[in-house]
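Two complexes come next, and they have one chain in common, subunit A, joined by subunit B in the first and subunit C in the second.
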Partner chain A sequence: MTVLPVARRAARHRTLLLCAAALAALVALTALGLSSGQASMPAGTALRALVGLGDPGDVLVVQQFRAPRVFAALIAGAALAVSGSLLQRLFRNPLASPDVVGVTGGASFGAVLLLATGASQLLTPLAALGGGLLAALALGAFARRSRVAVGSLVLVGLAVQAGLAAAVNLMIVRFPAELASSALQWTTGSLYGSTWPEVWAGGGAVAAVLTAAFLHSRRLSVLDLGEESAGALGLTPARARLHLLLLTIALASLAAALSGPVGFVALAVPHLVRFLAGPPTPATLALTALTGGVLLLGADLIVLHLLPVHGLPVGAMTATLGAPWLLVLMIRRPAADRSTP
Partner chain B sequence: MLRNDLPASTAPAQRSLTVRQSLLPAVGLCVLVLCIALSLALGSRPLPLSTVLDALLGSGAGHGRDADADVVTGLRVPRTIIGLVVGAALGVAGAVAQGITRNPLASPTTLGINAGASFAVVTAIYALHLTRPVEYVWFAIAGAAATALAAQAMARRAGDLDPTRLALGGTVLAAVLTSWTSALMLTSRRTLDEARFWLAGSLAGRGLDVLTPVLPLIVLGLALAFAVAPALNALALGDESAQALGVPVTRIRVLGGLAVVLLAAGAVAVAGPVAFVGLAAPHLVRLVLGPDHRRLLPGCLIAGPILLLAADVLGRVVVRPSELEVGIVTAFLGAPLLAVLARRAAR
Partner chain C sequence: MTTLATATRNELATHRLALRYGSRTVVDGLDLTLPGGAVTAIVGPNACGKSTLLRGLTRLLDPAAGTVTLDGSDVHRMPARTLARRMGLLPQQPVTPEAITVESLVRLGRYPHQRMLSPWSAADQAAVEEALTRTGTAELRDQPVDRLSGGQRQRAWIALTLAQDTELLLLDEPTTFLDLRHQLEVLDLVAELNTDAGRTVVMVLHDLGQAARYADHLVVLHEGRLAAAGPPAEVLDAALVEAVFEVPCQVVPDPETGTPLVVPRARARRPTTH
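The block that comes next holds the complex of A and B.
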């Protein structure tokens, strides 16, 4: 509110510029992801193969193997980043991520439990989605019934998370080594075996929730002003928070279903965007989504094509890629700004 | 010196707090003694307390005594002592970590200490084919210290230590190291098989010799922690107020951070990454003793071991004759506890 119009316009310009850059990176990485691999092809061929034109072999490779994985990465990355951004503002805590609302723990628990029963791996995304939603909704119900303040809700969320993580850990310790390995692989987050049904369903749901989040983002800015001001402006803070919380939970659970609980995207991307583009606006929320997608896709491409070791989870790479960037920004930035990201 | 700065409260509340203060240490110590007794007596082979006492005093006689005495003196005494030391270190480390970062979510885990130790140990298992917890100790200490110091270095800026950066830097480092740990375990099945038991956090299968290298660290860490406790109260008022009171904010943060590193590194080196005790113990103590760090730290010194030993005993009992790793039990136990705490705090 106190920002000078000129500064505000400059910030908006910068955000738009950054959005364009992120979009360009996204397109470039998508083309790269579709075209590179064992049978590499020019980007143009790959893009034509995506819509079913050109050599049938290329079409098969691109449509069946590469495209689902690329799109799953983009969707999951965007969902994770936006959910992290909303959570950090809701809880006014720069450390908040889907861990804090129990989604990560619930999704991991659901998926690993499914692995333990030996059911088909195709069901894993559903188990993860169910686990994440259940954990988070249980948390929400608890908060509503006992009227826990948002600050304390973080504690309850951590508690839920810790309990579920312990259950996962217990299974990993007790499993035979083979099963323990696949459980660990899943809980680190990976995009192996993404399929079209997953991508369509996940993508549609994420798009719907993201739209809702954008529509809510004005309320979020009002909430940023503090409880009393929000109340004075005609917003019921508790209800607005609950709605936003439900949206973030849905986003994080969908992401977990697509990619497993990939770490770091939800934690780091909001900080990166804030460092680059300044205080949050609806435009920075879009930038957050784009950056998340770019980060996750880039990390997955490195895991797939650049590393000498096969079968590494993409979660290991998102952290490796994102951390130095974030840390450098953190060190270079003056300490004055301690408000929530 | 800082008594006047404590939040003013109404007279009856003050009185009830005073009564509590005089009673609680005694109650806490009694519970702790009970936990120690249970830890010595219970296990895959439960022993009557008289047998335990005989074994401890070396005075018992009669058939079967030797085997029982061996169990008590050879296995359960070291395990209990290790539990006491680790629990105390974790409890106090958590309280100081929350104090210096002014973040109720902070714990040794937040500062990257557990992740650093885990990564170093798993790397050692991967590269050097180590197999016994005693051999892990130095790697764990080195990894924990390096990570925590790196987090502090990043949070320092022009002589100032920003608590938000400290917590964020630690969390970022922890995320990176944890993912690398998983990556290492996924590339080598042998490493996965060795490391997953250590990573769960356990007091079992260690002799008192694991304590030798870490005891000096923990003692030094405790001394530092208690030395900065009064200043942590001032810090809780905000940096500016603390500065106005003449407290050297940055120096206190650095010293407190050092105490956390020493304590948590010692604990993780001995028992592996045991989550939650460091987070839950201060919240538990704060609930009964209030936020004054001069009471909080001694409280954590008792509450930490109580939590850890109780969890360890429970882990031995619930799936007898097998047992659950203490780190898994603390998380299972601590989770509902923390939920209840949050709920009570909300009222």
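The block that comes next holds the complex of A and C.
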């Protein structure tokens, strides 16, 4: 047992406490999500129904409708938050997030394209991944040609994102009527109609990529020191950055495959975690994942149960919260610039 | 035993080294030997290729031609981690991550000694403690680096390169942006690292007097080529300074140390009022 200095011990202590709080919130919201709805039931009944015990009606409602949606929210939220956190560190830009730089748009485009061809929906994560990678490639190619600074890359990404979102809309308008119900998911982001196969495939893939991201956390800290110091410490910065970028794209695309282009979560959670827990460590990465899951699930529950409007997609909710947040970040940007020489 | 001693003499050398940024050649055909166990100062006018040379020595810049060797083996063919265990670098303008504490920063110096899943070891902690103590930053360990004064911040960064535990240290203008007291503090620390800890130091400096005081070996670069190299007392004379820096001057013995001191010739005397 190594003795940690006071500040590190305090920071780690606080992060662990916050993780515990986030985990508790996650469990509470999950129970709430499983038990509430048109046929409300006590949380205990809902949890028993989840594992197939109790009234067959309850089991059906919980297992078939509520549980996939709850888990999809948790998985997509965690993936989005970690993806945003990695991207902000890689770009050294607090405004970077996959839904700003075009990756989410690319992923949605890929998924809609797959939908249009009528292929199996199990392939959605792959199609989203392909779309996300293509969008990132387009962004990278453009950046290389025009030699934009990494900081301004976000602006180019905004254009890519807008173009891809327009393309998604265009395709959906031309969809036959029976496919139009999925339009909501791919234009604003929604968890409506999540299914178990989606959750298993998405969850498994997200878990794998998150594990890889955790294994990269030391490398990420070294990358934070800039190209020269990272190189002198034995890291090949270009390669490490590429690996991390691929993980980021994978996380954002997998999230998009589950929930469509949900905004705000990837942008806001890293800031929230930094504000609460301080500079990034592997533990704050875990906190980021938990907070992302809690936030998206919470937003979805608000949309489902608290709002008078029926059928509002969760993406609309997060965007409503996200727009002012983005403005605040923009306004506070100069202050952030001063603190990083 | 002789072979072992020569194998780790920490001698960097360049052989017909050319370094380019795009099509611009910055260093051309440089043959240089930087003695192991010594403090070497690289000096020269702005844009003479000092920092570029340092980048070339550390793998951050691949040579356009020629090679760099460390005790005979090609630096640019060594695995990155192997090299990082032998040679550390303090860049001219290091990037300090936001809100990072001194100790967290210094811990990152252990990166080349760690494997992907290896836990933080006693050896790692010992190296960090020694680096903090040696640089006098131990009591600052919990402070955020971006709130420290320039001199303290520089010492924290030097501590990171010390925690890396390399026998060779490369410092790119470690005294820039520091006031005189802190400049001397950093240079004294460098001298101490060399004499007490036996580290080989190669640093880029601007001040010729400081270079002459603190270095055993002086490398003078001019337009990407070697203008002179050797012990400061043998190398630094008025003719060289005039040829390289285009400054007419006298070189006199430093009244404190006896090392060469460059005194620029006065231009037209400024009228004294009153």
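The rule is short, and it goes like this: the second predicted complex is superposed on the first by the 242 of 341 C-alpha atoms of A that agree within 3 Å, B and C clash if a C-alpha of one lies under 4 Å from a C-alpha of the other, contacts with A are read in each partner's own complex, and residues count from 1 in each chain.
Criterion: a contact is a pair of C-beta atoms (placed from the backbone, for glycine too) under 8 Å apart; a residue touches a chain by one contact, two chains touch by 3 or more.
None of the values given here were measured: they were computed from a predicted structure.
Trainee: Output check: A:Leu50 vs subunit B and subunit C. Expected answer is one of first, second, both, neither. What do you get?
Mentor: neither
Trainee: Under the stated touch criterion, which partner chain does A:Leu87 make contact with: subunit B (first), subunit C (second), both, or neither?
Mentor: Neither partner.
Trainee: For A:Ala107, select first, second, both or neither according to whether it touches subunit B, subunit C, the two together, or no partner.
Mentor: Once the two structures are laid over each other on A, A:Ala107 reaches no partner at all.
Trainee: Kindly classify A:Gly163 by the partners it touches after superposition: subunit B alone (first), subunit C alone (second), both, or neither?
Mentor: first
Trainee: Could you say whether A:Gly278 touches subunit B, subunit C, both of them, or neither, answering first, second, both or neither?
Mentor: It touches subunit C, and subunit B stays clear.
Trainee: So in the superposed three-chain picture, is A:Ala78 touching just subunit B, just subunit C, both, or none of them (first/second/both/neither)?
Mentor: neither
Trainee: Is it subunit B or subunit C that touches the larger share of residues in subunit A?
Mentor: After superposing on chain A, more of subunit A is contacted by B.
Trainee: After lining up the shared chain so the two structures overlap, which partner does A:Val154 touch, if you call subunit B first and subunit C second: first, second, both or neither?
Mentor: The answer is first: A:Val154 touches subunit B but not subunit C.
Trainee: If we count contacts the way the header does, which residues on subunit A are in touch with subunit C in the complex?
Mentor: 2, 5-8, 215, 218, 221-222, 224-229, 231-236, 278-279, 336, 339-341
Trainee: Going by the contact rule set out above, which residues of subunit B touch subunit A in the complex?
Mentor: So the residues of subunit B touching subunit A come out as 103-105, 110, 154, 157-158, 160, 162, 164-165, 167-169, 171-173, 175-176, 178-180, 182-183, 185-187, 189, 192-193, 196-197, 199-200, 275-276, 279, 283, 324-325, 327-329, 331-332, 334-339, 341-343, 345-346.
Trainee: Using the touch definition up top, name the residues of subunit C that touch subunit A in the complex.
Mentor: 55, 58-60, 80-85, 87-89, 91, 93-101, 103-104, 108-109, 111-112, 114, 116-117, 120, 122, 125, 141-142, 146, 160-161, 164, 170
Trainee: Can you list the residues on subunit A that touch subunit B in the complex?
Mentor: Touch residues, subunit A against subunit B: 93-95, 142, 146-149, 151-156, 158-160, 162-163, 165-167, 169-170, 172-173, 177, 180-181, 184-185, 187-188, 263-264, 267-268, 271, 309, 311-313, 315-320, 323, 326-327, 330-331, 334-335, 338.
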